[in-house]
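Labels for the chains are A, B, C, D, E, F, G and H, by order of writing; each one numbers its residues from 1.
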Amino acid sequence: MNHTREILEQLQSGVLSVDDALLRLKEEPFADLGYAKVDLHRTLRQGAAEVIYGAGKTPEQIIGIAEAMRRRSDAPVLITRLDNAAAEQVAEQLPLTYHDSARIGIVGTPPEPDGLGTVLIATGGTSDIPVAEEAALTAEVLGNRVVRLYDVGVAGLHRLLHHMDDIMGAGVIIAVAGMEGALASVIGGLADCPVIAVPTSVGYGASFGGVSALLSMLNSCASGVSVVNIDNGFGAGFLASRINHIRPKK
Amino acid sequence: MNHTREILEQLQSGVLSVDDALLRLKEEPFADLGYAKVDLHRTLRQGAAEVIYGAGKTPEQIIGIAEAMRRRSDAPVLITRLDNAAAEQVAEQLPLTYHDSARIGIVGTPPEPDGLGTVLIATGGTSDIPVAEEAALTAEVLGNRVVRLYDVGVAGLHRLLHHMDDIMGAGVIIAVAGMEGALASVIGGLADCPVIAVPTSVGYGASFGGVSALLSMLNSCASGVSVVNIDNGFGAGFLASRINHIRPKK
Amino acid sequence: MNHTREILEQLQSGVLSVDDALLRLKEEPFADLGYAKVDLHRTLRQGAAEVIYGAGKTPEQIIGIAEAMRRRSDAPVLITRLDNAAAEQVAEQLPLTYHDSARIGIVGTPPEPDGLGTVLIATGGTSDIPVAEEAALTAEVLGNRVVRLYDVGVAGLHRLLHHMDDIMGAGVIIAVAGMEGALASVIGGLADCPVIAVPTSVGYGASFGGVSALLSMLNSCASGVSVVNIDNGFGAGFLASRINHIRPKK
Amino acid sequence: MNHTREILEQLQSGVLSVDDALLRLKEEPFADLGYAKVDLHRTLRQGAAEVIYGAGKTPEQIIGIAEAMRRRSDAPVLITRLDNAAAEQVAEQLPLTYHDSARIGIVGTPPEPDGLGTVLIATGGTSDIPVAEEAALTAEVLGNRVVRLYDVGVAGLHRLLHHMDDIMGAGVIIAVAGMEGALASVIGGLADCPVIAVPTSVGYGASFGGVSALLSMLNSCASGVSVVNIDNGFGAGFLASRINHIRPKK
Amino acid sequence: MNHTREILEQLQSGVLSVDDALLRLKEEPFADLGYAKVDLHRTLRQGAAEVIYGAGKTPEQIIGIAEAMRRRSDAPVLITRLDNAAAEQVAEQLPLTYHDSARIGIVGTPPEPDGLGTVLIATGGTSDIPVAEEAALTAEVLGNRVVRLYDVGVAGLHRLLHHMDDIMGAGVIIAVAGMEGALASVIGGLADCPVIAVPTSVGYGASFGGVSALLSMLNSCASGVSVVNIDNGFGAGFLASRINHIRPKK
Amino acid sequence: MNHTREILEQLQSGVLSVDDALLRLKEEPFADLGYAKVDLHRTLRQGAAEVIYGAGKTPEQIIGIAEAMRRRSDAPVLITRLDNAAAEQVAEQLPLTYHDSARIGIVGTPPEPDGLGTVLIATGGTSDIPVAEEAALTAEVLGNRVVRLYDVGVAGLHRLLHHMDDIMGAGVIIAVAGMEGALASVIGGLADCPVIAVPTSVGYGASFGGVSALLSMLNSCASGVSVVNIDNGFGAGFLASRINHIRPKK
Amino acid sequence: MNHTREILEQLQSGVLSVDDALLRLKEEPFADLGYAKVDLHRTLRQGAAEVIYGAGKTPEQIIGIAEAMRRRSDAPVLITRLDNAAAEQVAEQLPLTYHDSARIGIVGTPPEPDGLGTVLIATGGTSDIPVAEEAALTAEVLGNRVVRLYDVGVAGLHRLLHHMDDIMGAGVIIAVAGMEGALASVIGGLADCPVIAVPTSVGYGASFGGVSALLSMLNSCASGVSVVNIDNGFGAGFLASRINHIRPKK
Amino acid sequence: MNHTREILEQLQSGVLSVDDALLRLKEEPFADLGYAKVDLHRTLRQGAAEVIYGAGKTPEQIIGIAEAMRRRSDAPVLITRLDNAAAEQVAEQLPLTYHDSARIGIVGTPPEPDGLGTVLIATGGTSDIPVAEEAALTAEVLGNRVVRLYDVGVAGLHRLLHHMDDIMGAGVIIAVAGMEGALASVIGGLADCPVIAVPTSVGYGASFGGVSALLSMLNSCASGVSVVNIDNGFGAGFLASRINHIRPKK
């Protein structure tokens, strides 16, 4: 609201006319590219990186948005759900690092980790790794130190218990699992930090494309667990970063 | 088919007429009470006890069926889903032992355990106990030794791991859990015997009356786990007994 | 594992025999009340309070568990899903403060707030307040300062925008809404802190007992939002407290 | 019924025989092409244009129907769900304007707008644009002035609020959104005209092909909102036109 | 935005100080009763009546909100989902007319009809009448002339066809039906005005509490039909009124 | 259309005026009781009895409709879904025979059977009998000979096979079953007449109120099986009667 | 059972030994091709034609089964769900007539119609025709006269009413419709013969692959309607033939 | 726990230092290949063979895991869900036997059968055979004698009854069926050994990819039946082997 006061004072002091004041109150806080409204205030509000959701956008649109972002800020740009072919086109125009299995592209250099603790990312099986990597790369590009703990599903519990130290030492944990998604509950019962559960569409038959894992995680008997959408590695990584960068307020 | 051969031989030898042979081939292997066809051959085929599914039957019907069963066999009669009021009426006519929370009544004396090993019954929480008791009493009345391991849900894993010996020593395990039903997967990963998973309707919201646990159990990443209907303690106990009484064949 | 090292050293130094060492390694870290295994280490691990999930437990069981907890620790005991009648019985034995609409009872005195920031709890309508209060009381008893912002649903957006300062100043936000659950997305788009979305079963027809709000929240187009089970105010409050008490690790 | 009276009077006056009268009463008010019954009275009843639902029809069938329509009326013909390949074939026979992303073809010239007000079409994201364009082109070909407001999803609320004038000035609004579909509720709360919500299949995981947005819109806490089928841009545009051309009756 | 200009002009002219201007820009456009934020600008924006959604509110809350509304405006107050017992309490404090089967209470006098045409409300069966009455009374209290056409389901098509004149003469039609909900499609095919379909929870078995009718209506093969939530008579009546009061804009 | 010709001829011959002809063409073929439109032509079209769907109608409404029916025809009146209390009220006014478990009331005397063959009604268990009786009584009141074959579920296949003669001798079969509904497939494979499958809501857990049986029956691997709604005994009996009274046409 | 008596009499008279009698009682009533058990008694039991469900069978398997059938009987062989490529291979070995859109192949000559009446097959739209043709060809090959009435959906009711004579004159009606499936209810209300409803997967969005139409048809408010599986044209044609060939029994 | 005692004794006797003891207590009981944690203790615990779930693994990963397994044990390695292309690559490195339709590869030689009885595997139709073969090959490689009984669905019950001897003689039965899945109930009613039901995704329309069969099997009215995931042949074969190798315990 400080900005409003400033405008009002300029109006009062005659620097602005009523029409100019009205205009500035309405003035668009984002650049309009026609096909997408780029929110240029967001970096400020959200920190270390800009994000483009690549699915359903043409390479041209992605490049256009990324360039607009980079004109205003030095922050790296994270492009999610970017397929191979599109990545190649983007890479011709921009300094893109592409992570194949996670379908993530990064323009620019990820920052040094500056979060409170580490983000531990665990998966039930090897098929969950692409989603986990989406989370991991997102968290890294947003300035977090990430520890990966893959293929530690509950069917072989000793694999998980063996890494008890990592679990107890984490600041935030992301539990990625398909099928019955029990990993989230078991980790939720062991850990004493926030746990973000990511159901994956790994499985067949009555896994219903991730619904089984999703329900399992929503009904977790362990406290301190919350859930994001099926296969939403980005969302988990983003939220983990927010938690890991939490600052005292008010 | 031996019975058929016997009839044919009696026909051939003139002991039976064609009409008598036809009649005996058709002869009904069950008593018809009008409202229910009681299968009197089943005790022979299925072993230690007779079973009446009490839900949706009047106390009079239950008494009638139980009496017909007992006229033919000494086996105890197990009555499931028997509510308190009906149990009282039945108890006036028959020597009934009633188990309140499991809603099970038993007419007659359960046999000595004669199964191969023990049946271990584990629950995730205290609210799952009624379903577990339905399974336990069913298994006991069918001649099995039962070990109960209640309230060992995965949110506090040490409670379960503490009983590792029971798990490794069981002949068959019944895992009873609501909410996210992860207990079945964790036990399935630890044990090396058959595991029967029973989802319960314990939970709220997105547990959808047991659907979450059911899907979880069907998608168990642990091998050697199969599933029965939601809250079907009887079915689990019955199947456990069949497995525990398996005999070499052919 | 430090505890293990200690036991091993005592064994090595002859303070413990092999049998005693074995016994101590197995020693049960919880009290067994028969009907429930009370985890007495948890306070240590989880902080300011003990929790009893009251649904499906008799008043006697609740009292027994609460007393066992209080013998070991001074922490307040939070009893969720406690109905009026049970609360009255518990209150005869224990110093209980009962919150009617939230169905929460608290034994003992909540601690002073010691979290990093404030926990803001917003609801879409007045019918969502009981769930919100479950979250609020849980957070308070775990040592958090809570700000309540009720009846700010998106159908009258100015009600929400009017409280922009609270939203921008919060450390963690819990968004509680039934029907279409759009509140979580709108707040998620405005805030720059972690947002925990709680779908409620408020609504009728195609709200399907909270499923509509649940799906809406899982699919939120705003980043930084995660979801707990339908009507799970406790889970949201507990997780908010964990986030609000996060400490630098490793 | 005037037509009936006319026939009866002609019969009475001897102009028609009984058989002719019977025939005319039965006379088919549509042309029968064998594969489709073309309703030629509809233009009269429904106004500015004819519509062919292109999905599941061969280019030959589409051409046949369009030609039959055009023999009877000058109205433009709108062909929906027309894929690229079919459009090319149709364009060889008829003066077709084809809109690629909306998969709409128009034969003939859209009329001048003659509705009461403007039809505002808003989308949550860029991926919803094809459905929105189906609505927009439908409305235009039926004689409406259309204002497009794309990529104004609630995750960045200022984008929407910036266009408050368009919202308050609209005669009818079509809100097109996938994922959690919150746009409809937010617009419904801001506007004071009828709002038609169109859920789209944009999203993944628990969006279930548009079901999440659909439920969200059906449960909108804002009054004055109704819903059409997932991705049904045509239906929304058609209904908007009906509302926008409403005339005083009786 | 005119209001904003006015404030700015008063600031410029010195009538307001910067602080006063800031205050007035923030000034709350609603009364805060603690448990509910009453939107007092809404009557202006939405016309003839105020609405209270009665479900989940105590009689005291309802009375409080209604009184706040009436202090600011003469408009009648419509209270929906008001049960009998609550109605009696409200009636002691306010001049309430209560409609039993529709569960609607009206405080004050409905206005003279001033809409463009008539609102026709049709039901499939007699069991759908309460929902239809909710729609009818809502429309009437908002200033619409309503024609009722009840029990004209498609199983006896002649009942509907007999009222062809009403259908063709309506300005807006509300089609209320449970079971298979075919009424909406049939009316949609006959009418040339906007049709609002209201699925009801009338039915059993695979009607799934209105889901069958809901899906049927969403998939209507007739154009010009949109749908509101199951049993949402109020929503249909409100929307019909908006359509019926549409005014030329811009 | 013969009736139309007749009217036209009378018009031509001067027996009718144009207005009278118009009137007769429109003449209402049903009585209007205000709350229900009674179709008095239906007996003619549908045969032996009139039907009132009792659910959601007051005893007064039922009596009113039944009396209107009986004023025009001698046919018995079948009242379905009639609860005990309502039945008592109806019985005070009309000669009602009430069947308790089937919740069916019959006013008047059922006709002699005049169908082509017998209608065989089989149930899987005893709990399915009320639905089966609704079917049986409906079929009887419509003039069919009915054979009842109850409690012949596939878990004890010999019970069914024992009645092979009844199955092969039936004209139409109604298979009534809950739980997994396998009865329909087994009978469908054995019989060579039309089989109407009626899923019942008998079961628990994953039977989902009859959905399991419904899906099972829709997917029957046996040909010649069709399905009606869950618990819709009336529908099955009515359809069986139509099939059993089929007459050569055209 | 006559066959059984015959065997017993031959045993009694010494024509058969006990072993031979036993063997003949067990004698397999079908030919075993290894991959499929061909039921050669079925033609006798079911009438005019043999049926092969083509989906999931190789052309070689289809040819093998068809040849086995034709060795025993002159009846035509109907092959359903036969794709183009397979049809070509089959046609090289057998006198196959292939119907492309219905994916049906017929080996041999369909019989003269010998049913009681005509089978009327109606569709809502043109996209439903392939399913309708599957029904029509099935009915024809089983000896029924078929009348086709395509594209008469309820959105243009006059198209259907125009054919009232066909509807009233039919012996059995098959109503084929996707989307909201209202056709079945409307026809069910008009006709007085059995109506078989076939939901199709035609539609999009909330039609959920035919579920909307399926539910609609199961909940039909018209009596005398039953339903088969989605897209199951064969099942409807087969059942229609059974009804149309019903013969007086017992 | 014997292993623990051993370590403690070595510590006490000075053979191990505290650090070594700690290390050995933590020592990883599996080989870490980076992409997968191979559990090398499992052969011991689970018997005759190692299993690799092939879906979602590259041929290189499969080869790596298989080679690690074979370095430690002579047991054959079963690779499930192995597609043709991958099988070819694996076969170049390892002695692989590939079963095409079951998508199973076996490295090494299956053992001699050493189970208690035979495992009978029955299918409803020919399309279920691939799933049945997955079960059969799994059981064989784990040391079981398997009897196959394919295409014995309940629509032709005599096919199943003809093999009554096989059913009564089996030690464990696996019932594999799609569509309505009634086979499991019928076999469950006939047999007196454990029955494992495998729903398959065979079917169309309302079979919903196996959901219909799954629900049917979960609701089986026959006792002694449990269920695994849709198309989970491996799980059924594995569990059957566990049951068939059950040994007396404790």
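Following the convention adopted for this analysis, contacts are C-beta pairs under 8 Å (C-beta built on N, C-alpha and C of every residue); 3 or more make two chains touch, one makes a residue touch a chain.
Everything quoted here is computed from the prediction, not taken from an experiment.
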- Note on the structure: Note: among B-C, A-B or E-G, over half of the B-F contact pairs reappear in B-C
- Task: Determine which of the two chain pairs, C-H or B-H, is joined by the larger number of C-beta pairs in contact.
- Result: B-H
- Among the chains, which is located farthest from subunit B on the basis of C-alpha centroids? D
- Averaged over CA atoms, how far is the centre of subunit B from the centre of subunit D? Could you give it in whole Å? 59
- Task: Determine the centre-to-centre distance between subunit A and subunit H, using the mean Cα coordinates as centres, and give it in whole Å.
- Result: 39
- Task: Could you put a whole-Å number on the gap between the CA centroids of subunit B and subunit E?
- Result: 55
- Round to the nearest whole Å and give the separation of the Cα centres of subunit F and subunit G. 25
- Which positions in subunit H touch two or more other chains at once? 1, 26, 125, 156, 205-207, 211, 214, 218-219, 223, 229-230
- Message: Touching pairs of chains, all of them, please.
- Response: A-B, A-C, A-D, A-E, A-H, B-C, B-F, B-G, B-H, C-D, C-E, C-H, D-E, D-F, D-G, E-F, E-G, F-G, F-H, G-H
- Item | Touching residues on subunit D, where the partner in the complex is subunit A | 125-127, 129, 150-152, 156, 158-159, 162, 202, 204-207
- Note on the structure: The residues of subunit D that touch subunit C in their complex are 124-125, 153-157, 179-182, 185-186, 188-190, 203, 205-208, 211-213, 215-223
- Note on the structure: The answer for subunit H against subunit A in the complex is residues 26, 28-30, 35-37, 39, 42, 55-57, 61, 199, 201, 209-211, 214, 229-232
- For the subunit G and subunit F complex, residues of the former touching the latter: 1, 45-46, 51, 116-118, 164-165, 169-172, 192-194, 196, 214, 218-219, 223-230, 234-236, 238-239, 242-244, 246-250
- Message: Show me the residue ranges of subunit A that touch subunit E in the complex, using the header's touch definition.
- Response: 1, 4-5, 8-9, 11-12, 18, 21-22, 25-26
